[in-house]
Amino acid sequence: MKIFVFPEVYQGEVKEISFEILGLAQEIKEKTGGDLHVLLAGKGVKEFVPQFGLADKVLLLDNEKLEGVSPFIYQNILFQVLKDRAPELILFGHTSIGMDLAGFVALKLNFPMVAFCKNVKAENGHLMATSLICGGKILADVKIKDNKGVCLVLPGSYPAEKGKVEGTKEVEELSLSEIEEKIKFERFIIPEVEDIDITKENILVAVGRGIQNQENLEVAEELAQVLGGALAASRPVVDQGWLPLTRVVGRSGKSVKPKLYLSLGISGAPEHVEGMKDAGLIIAINTDPNAPIFQTAHYGVVGDIFDIVPALVEEIKARK
Amino acid sequence: MKIIVPIKMVPDLVEELEIDESGKRLDTSFLRFTINEADDHAIEEAVILKEKYGGEVTVIAPDIGEVDDVLYAAAAKGVDRLIKIMGDFEELDSHLYASILTEMIKDMQYDLILTGCEAITDLDGQTGIFLATNLSLPYIGLVSKYKKEDGSLCVNKEFPGGVYGEYKVELPAVLGVMAAEKPPRYVPVAKIRAAMKSAQIEEIDAPEIKVETGIEIEKMYVPEVGKGAEMIEGEPEEVAKKIAEALQNKGLL
Amino acid sequence: MGQAEVQPQDLYEVFQERAYAMVDGEKIRQCLQCGTCSASCPFGEGMDYNTRKMIAAMRGGDFDEILSGHGIWLCTSCYTCTVRCPAKIPLTDIMIPVLRETAMLYEKGVPSELQKALENVARYGNPFGESPRKRINWVKETGVPVKILQKDKKPVNVLLIPECFCAYHQRAKNIIISLAKILHKLNVDFGIIGPDEKCIGDSKRLAGEFGLFEMLIEHNAKQLKKYNFDIIVTPDPHAYNALINEYPKFGYRYKVLHHTQYLSQRLADLEALFQNEFPYKVTYHDPCYLGRRNKVFDAPREILKSINGLKLIEMPRTKEDALCCGGGGGGVWLDSFSKEYIKERPAEKRVKEAVATGAEVLAVACPIDITMFEDAVKVLNLEGKIRVMDISEILLEAIGG
């Protein structure tokens, strides 16, 4: 199978998702035989080539104009690169960047597309994907007809470690043709880091919509304090302005790997789970027995956080 | 500014989702449909842009579920034109919807198309980017800040970690909305009822189009509940004890 | 829709037209600025514009300021101002709700938690945003047969209306469960409508959503028409209030009793069932919409006095002077919102008042009271010192069940 992987490289690094999909691609290639090609495009990305040891070939496009991943330019680059190379499977991360590119590529090449993939594999001569849809509540096993497809893979679906192999096999340098700048990258806006860095905390107490209002944060704060940890949140809590954006765990926030992740009133939609599923110990409390978070947690409680958390605070105080 | 907002109706997750007998589709007997959350933000942002810069907003929606309520609420917010696409929409995947929209929109006048960047049912991909590709328009998604500047729109695109990328987008273009610059406003029921009397919903038949997604669902299922988690039961005090014990055993206290 | 072009003076005209069209609305003009209202208001100290100042501001040309402020959202519709106003201005039923309505119609902002609750009621028939199908989930916890009329359309004697809090809220549902058990022991022929029942809507009216209230009345009246029953009994004072005072304005009249009224009428039969003593000092809190608003003071007390071992003590602010729990008129959703503006919540003040009487149990007759007061007990660290119980729960303990 001829597999193409699109890694995400910006702000001076190769993002984790790139290695996850590389590892996944490698697994498929080991089963089907074939080639694994990587398109490495950006500004100053030449130095990252050795990180793609799994690639049979790295298509390198290092150009000043490619600093900010302008979707318009990248769509065009991808199409130019792929249209004559007869790819069969093209993998993107289901991320802010992947979602700007995959759909374009799929339509232009007339390839089927599958999003929300937790897994992509070759089975009995067919390309199959398993996707997590409807806010994490439904799984679908999908057959990709004609074994040609574009897949958006959810971050956190595959261990990044398996994709991290150093080395360089073949490199083909590409040049950037003139493309109109219909979407011009201006700059990155980085949040002020006055706040703590939740990725450095060992213990996180995360709150979701179940916390109901800003004042109830006290309940979670007390728990965080007594455990020596910090508060984190799912996206909706931050949208309401109850906590700063720097505390968000998930697709629009940070990926965290604390020793302990206590999730309070978080349903566990894929966008959130992708940011915390590698935590050492995950304990989730939610009133909804069908909350998707219970698939990822190690321990789950169906109950009211306002009854359980104060009791837990007391228990912990008693044991210290 | 002439803005078109295509929206999607998706299963309301408040109701429990069940799979039907075929094992390949959602059971529709108790299913209710609601506007895709990101599309709700797209409508809000369109109205905000109209309030700031003048112009006209058109909302397009498929005839699924309680779509009339959605359209009248949009009218109550200030949307000018309401278009309902009529058809037998048992299954409206993004490919088909984008193709239908392309047929309808290609002859319309517009500066900007705003649509939610993603819907919970987007198994086969996202409508916004398909629409942009079909119309040969620039596309950028996960946008949450917007400012008009001459013939372009200055937008902020969300990246992980709270980082934003600032981009200048030449119009006309399609934007995949993550969030409006303000949460969707409240529309009092009286206003919606007034809209029901004064606003017109244009019903347009879906063009005859067949589009293949190229994928086939073999099986649809609900993830096993608690398959991941070991569930702890009991009264709050009992539960608290068990959790505290687990923490102590792992040396986390 | 053109509202962006409306000038502030126009909004005052809009308000006047609307308020004066309602019965007694024009009495707002008779305000003496005596300040009795704002001095009596449980939230007066926290309002930028309290009730007296709202009227002064209207007269002074500052109408718009009222709408952008937070004062109008702090009101929990407790009715104290209305009852005490010498000019008999309908502050609670007209002035505040119409101010809120005007704010919402002209996009002056509504607190987001209240917005969510209203949107949920419009879509799901309950403020929690839970599926209507779950409205009857409490039934299986009763352990007794409860007729669900929309599934089995037979005539009943008593139509029980739990209202949203008793149906969905984790703590409040124990009230309706206890009541159902008691009715069963009394061999009452009773039933509930089922998932088709929606919020009766009183708090939505008070929150300024008259359109939503009318929609709910239309829906509920249509439901009620389908079934055959003699009386409606409800443990929810706001539902009681709407059904006896508001629904008739739309032509829908029913015989309605609050559960304490019904049970006090059945006291003789209840006494025959008593097995246990309830040897505690109990103080009773008059819910705003049972007591002050609808003058039902005696029925709950008769029930409590009939229980062996129970010692009934009155709080200083009793009957018409009871201090609101802070949950009415949308207040239950605005709890954290209001905390920004006042130092101590009324519910906490009230619980302290109860404890000061020496009472071990604070008896209530409203599901919102029970949630507000239990919260206050936790906040004040008084767990174990005082229990908050609905009259039906106390009765059930006396009966043993």
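The letters A, B and C name the chains in turn, as written, and every chain counts its residues from 1.
Note that in this section a residue touches a chain if its C-beta (ideal position, glycine included) is under 8 Å from a C-beta of that chain, and two chains touch if they have at least 3 such contacts.
Bear in mind the structure is a predicted one, so any value in this text is a computation, not a measurement.
Student: Look at all chain centres (mean of CA atoms) and spot the one farthest from the centre of chain B.
Tutor: Between chain B and every other chain, the largest centroid distance is to C.
Student: Counting C-beta pairs in contact, does A-C beat B-C or the other way around?
Tutor: Counting C-beta pairs in contact, B-C comes out ahead.
Student: Please identify the chain lying most centrally, where each chain is represented by the average of its Cα atoms.
Tutor: If one averages C-alpha positions chain by chain, the most central is B.
Student: Would you mind pulling out the distance in Å between where the CA atoms of chain A average out and where those of chain B do?
Tutor: Whole-Å distance between the two chain centres: 20.
Student: Roughly how far is chain A from chain C, centre to centre by C-alpha average, rounded to an integer in Å?
Tutor: Whole-Å distance between the two chain centres: 46.
Student: Averaging only over C-alpha atoms, locate the centres of chain B and chain C and give their separation in whole Å.
Tutor: That gives a centre separation of 36 Å.
Student: Out of chain C, which residues touch more than one other chain, so two or more?
Tutor: Correct list: 112.
Student: What parts of chain A, by residue number, touch at least two of the other chains?
Tutor: Within chain A, the residues that touch at least two other chains are 240, 304.
Student: Going by the contact rule already set, what residues in chain B reach two or more other chains?
Tutor: Residue numbers touching two or more other chains: 16, 183.
Student: So in the complex, the part of chain C that touches chain B is made up of which residues?
Tutor: 1, 4, 101, 104-105, 107, 110, 112, 115, 118-119, 122-124, 129-131, 133, 209-212, 214-215
Student: Could you list, by residue number, the parts of chain B that touch chain C in their complex?
Tutor: The contact residues of chain B facing chain C are 14-16, 30, 34, 51, 76, 78, 183, 185-186, 188-193.
Student: Which part of chain A faces chain C closely enough to touch in the complex?
Tutor: Going through chain A, the ones touching chain C are 212-216, 240, 287, 304, 310.
Student: If you look only at chain A, which of its residues touch chain B in the complex?
Tutor: 10-11, 15, 68-72, 75, 95-97, 99-100, 102-104, 106-108, 111-116, 128-129, 131-146, 148-150, 152, 182-191, 203, 227, 239-240, 245-246, 248, 251-255, 259-260, 280-284, 289-290, 292, 294-304, 307-308, 311-312, 314-316, 318-320
Student: Touching chain A in the complex: which residues of chain C?
Tutor: 112-113, 170, 335-337, 339, 378
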